[in-house]
Amino acid sequence: MITAKTIVCDGNEAAAWGAVLSRPDMVAVYPITPQSSLAEYLSQFIADGILDAELLDVEGEHSVLSVLHGAALAGARTYTATCGQGLAFMFEPYFRTPPLRLPIVTSLVTRDGITPQCVWGGQQDAMTVKDVGWVHMYCETVQEVLDTLIMAYRIAEHRQVMLPVNVNHDGNYLSYGVCRMELPGQAEVDAFLGPKDINWHVALDPDRPMAVDPLTGGAGGPGPALFVSYRKGLCDGMQHALRVIEEVHDEWALRFGRRWAPLVEEYKLDDADFAIVTIGSMTGAAKDAVDQARARGERVGLIKVKTFRPFPIEAMVRAVSKVEALGVVDRAVSFGWNSGPLHQEVLGALYYGRRPIPAISFIGGLAGADLTVGHFRRVIEQTAAARWTGPGQAPIWLNEND
Amino acid sequence: MGNAFNTITFDKGRCDGCGDCMTVCAKLPGSAGRSRLSVIVAPDRSDFELAICRQCGQPKCVMNCPAGALAKGEQDGIVRWEGAKCVGCLLCTVGCRYGGIVPHAEARQMSKCDQCEGDPACVTVCKSGALSFNRAGALYNRVGNLEDLFAPGLSACQGCNSELLIRHTLRHVGPETVVATPPGCIAGMGAVGYNGQTGTKVPVFHPLLTNTASMLTGIRRTYKRRGRDVTALALAGDGGVVDVGFQSLSGAAERGEELLFICVDNEGYMNTGMQRSGSTSYGSWTSTTPVGKRMHGKSRDSKDMPLMMMMHRCEYVATASLGFMDDYYAKLDKAIAAAKRGMAYIHVYAPCPTGWRFPSSATIETCRKSVETNFVTLWEYTPDAGLRFTRPVDNPIPVEEYLRLFGKYRHLSPEQVTHIRQTTVDKVKHLKMHARAAEEARQANDVPLKGE
Amino acid sequence: MNQTTYLIAGSSHAAIEAVAAIRMVDPEGEVVMATADQRLPYSPTILPYVVSGRTSPETATLRGAAWLEANRVRFLAASPIAEVQPDQRQVRMADGAVWRYERLLLATGARPALPPIAGLAAQPHHVLRTVEDALALQAAIAGARQAVILGAGLVGLHAAETMRKAGLGVTVIEQKSQVLPGYFDGEASRMIEKAFRDHGIEMVMGETAAAVEAQDDKGFRLQLAGGGERAGDLLLIAAGVRPVTDFLAGSGVDLGQGVLVDARMRTSVPNVWAAGDVAQADRFLDGVKAMAGILPNAVEQGRIAGADMAGDSAVKPFPGSVPLNTFAYFGNHAISVGALDEAGAVIETHAGDGCYIRLVIAEGRLRGISAINHVVDAGLMWQLILRRIDLAPVLQDFLARPHEIGRVLMSRLWR
């Protein structure tokens, strides 16, 4: 039995420990940089008997998620991790997981997309699949990776949610970044997670025979309305998730003493004139930059998005209502508005909250590039200026001249 | 459910007219020197026909007997004649349409076949294989009372043998089963149901076309981990097996996943309008290998999926055709047992009346022809025993006899026919090489076959 | 009041096959079988063999109690129907009991026809239609020396052989000019007739009895219409049968010689069917409604009637009756199927060595075949006729080897 202790590890090991403590029945692995060490840790934990789970060392990510589909339909708690092209290859079953309402937890060790060929960090992979129906939570630190992974099962298996959850941590910076971490005890985690509740609603079990996924739809008959009820149920589950994520984070804080902002973190925002918006591990450097700017007398704050899907629109509206300008830093691009995906969400929130303030799109940290305090100083400067000049039409590429 | 019975069947294509069957029959104690079956040369000398008691389901000879001297056995279906009751009125012969019961005046008896009470001597003595004892009736009795786990009214095309396959298979496999029917004809005929209704009485699902073996793996492993023996059964079309589903199946086979995987090979994507698959045979018309000025059907041979599965050293691999249900059942038995140890794969060749263009009434006939021409070979494999033919056809009838059954081959040029003839021969040769190697290994090691 | 879903009047072949056909589609419906007979179902066809001692009433039971039970048939013996009231859908039995039915099958068969012979009513004589008749005849043979048989049909000839073998002198008097009229052609009939003569039986052809009177203690003297007379001490009337329809008087059921039926054995009255010797259905060869009281027809019609009564959608209409006969006599066997005297037909006859075969072909189709001491698959030939199989491509072979070619043709139709 694992007892609470302090260890030193990287984010991939932290995720593996999070999986171990969540006691999945089945873990499926297929290696891909920068996730590979996570798969190795898990395999070794199972080999050593630290984790009692079926290890499915299958022939590709497509099968990784597919075996977990089968297992979950048979009632198993499941875990895997992937990224980049692996996620792309997994997309067919990935796309189907939310409407099947399978509470599968999967780490995305985010990686930039090819081409050019690239094995380094970036959130292009996760951002590309944001609108499929998985819950997406982005972690800032190694500790948060572990904590969020365990919380993800509570969220996924909540009867009003029943959705798969991606716990995302940035390739390279979190996957390989080693630091101190508090490992909770197994008994405490067991008490927190409670009994597994995987397939009460949809099952492939001879004791409860049912047809899973009959053809549904068509131009007439009961099909289209039935389909709508499934789609609407999925959307409802996503909306319920916002509340559940907050509740679970609250409970985690009570039980384990670590409080993470569940949806949106407001950092030095209350008296801020403007703010920068971040997501993932870049936030550490960004906060340092904010602190330095504050020391210079600039009233800048920071808004960190943890839960990107479902997008916490109310929390975001509350946050942006406090400032006069925003600089939104994306680690991925979107091909919609010629800016980053987070930037576009923020623009939507501003309209939703009836606040037509300037919001600049910054794109940085692609292909493993470091986002330093220096970069964020520039973000802060340009955001501050935007209060008077308004936003430019094009995004600002932070690493363009590195 | 009523009983079904075994029958003596006659394949005139194999008969060489040697007459051994009649000779041996005449020597039987009950025959009094006169054979109770007769093989007759057709008027044009082209082939042979058989007159024998068919042991009819509702025998008119029995109905016509005023003396109660004829009765059909309830258990074995044999129509028996009882000399002590017979009055010699010959009205039984008025009932029979096939020359199956005739007077033997000298012996004061009616001559009719009694199937040698379950072990017909004529079949045993027949060297050509023209006579066979079809035990499908016994199979039916064994499984006929088992619950049909598929719903009535599945909407398969008329003449499709998939429904036959799935009903028999699931009856046999039983209710502790989860069935995967990936997108294709079997799912399309309503196996997973429509709009919230199900087509089966066991758990059933649509996997993706690509991930049948993987999803079943997750199911089987999860139940096994909990100590439950749940059969993970795939009923997949060839597209989901040899093409886009190949990777997951190959991976599962390599890992030795305990699956009962049945590929229903109708040589293409018939459910979506008859497009070609990797299993489409050479020369076939399909909607994506059309016939025109520059194209003449499929230009490549099909993948030999069962052989590839054999190369994965699965626990059990077999080919099957529903023209030979007893053969299929014997293999299904072995596959079910093997699927508790590892991958069991059965490749069922399934002619498609709609896509191949032949009358829906001829499906079973086409199945038979496929085997009799060696276009399809029936064999099985285990890692211990290697490959073994289960119904070797040493003197196949010309493959043209098979090709001419189907509209999809109507355009074939002589060159294309030659190609098919040659590949058919080559394929059998290749399989024989494996069978010979297995036989030699067995003799060298004197290893008894598992389960024999 | 008694009531049932299916009421089957009669208990022989037609009745039994009707029950079997009903049970194919309706395992549950109530079935009552009411028969005039005293016994469990048996076939009248067996009776000559009861007389000869080749079988006994006990062994010759057609379907026993186990069959009745398995098919859930309530069996009422000695229960002849006295009246049918189709409007009320009920019948009144001879004992006064009333039965309501949903569907009624008339399979009451036939009883011996008695020719108009002066003095016959007063003169003890035998007929052969029931087991009781057979046992009485058997007993009479044991104590008789000279028999006279009126009629050279199957019953008459069977009895003649039995009596001759028992040492009696036997005279057979037949109204027609040939034996087994209507079934065998002239040549075959002559061969059969000769066999009887050769065994010392007097065959008086083209003659009828005009009157009969007692003579001596238990004997009789028979006046022939042609002027002669015959004396004897055992008189068997075997001059054919008449359908049992008297109870239908006033019922509204249309009668000809028998109960008129369509191809599904339906009578003119709703919910009433008829089959077997009582029914008058179409003949296959000319479409005329005619009596054809032979066992294979009873079987076919019983099946059809039962299926139709039970609402079997797969019921195949009656194709029409075809003359059929089998006859074993003095170690010979004769078979005839179909029509044997046809204008414009190809007729092939082979005879000799005590054997005989005759084929009648019209428009390339088989119309009839008769044979003596040839193995002929009678049922197979029947099918060749019914299916109107075109024999033209194999005609010469068929005429030379009808037995083998017939088997080839039917084998090809079956797989």
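Lettered A, B and C in written order, each chain numbered from 1.
Here, a contact is a pair of C-beta atoms (placed from the backbone, for glycine too) under 8 Å apart; a residue touches a chain by one contact, two chains touch by 3 or more.
Everything numeric in this text was worked out from a predicted model, so none of it was measured.
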Quick one: which pair of chains has the most contacts? A-B
Which chain maximises the distance between its CA centroid and that of subunit B? A
Between subunit B and subunit C, what is the separation of their C-alpha centroids in Å? 46
Inter-chain centre distance, subunit A versus subunit C - centres from mean C-alpha coordinates, in Å: 91
Averaging C-alpha coordinates per chain, one finds the centres of subunit A and subunit B separated by a number of Å equal to 53
Residue numbers in subunit C touching two or more further chains are none
Touching subunit B in the complex: which residues of subunit C? 13, 17, 20, 42-46, 49, 54-55, 59-63, 295-296, 299, 303, 324, 326-328, 331, 333, 335, 337, 373, 375-380, 382-383, 394, 397-398, 403-408, 410-412, 414
Tell me, which parts of subunit B touch subunit A in their complex? 175-178, 187, 192-208, 210-211, 213-223, 225, 230, 247-248, 250-252, 254-255
Subunit B residues touching subunit C - in the complex, by the definition given at the top: 38, 40, 42-43, 49-51, 54, 58, 60-61, 63-64, 66-68, 84-85, 87-91, 93-99, 102-103, 105
Mind pulling up the subunit A residues that touch subunit B in the complex? 25-26, 54, 56-60, 62-63, 66-76, 78, 92-93, 96, 203-206, 208-218, 221-223, 226
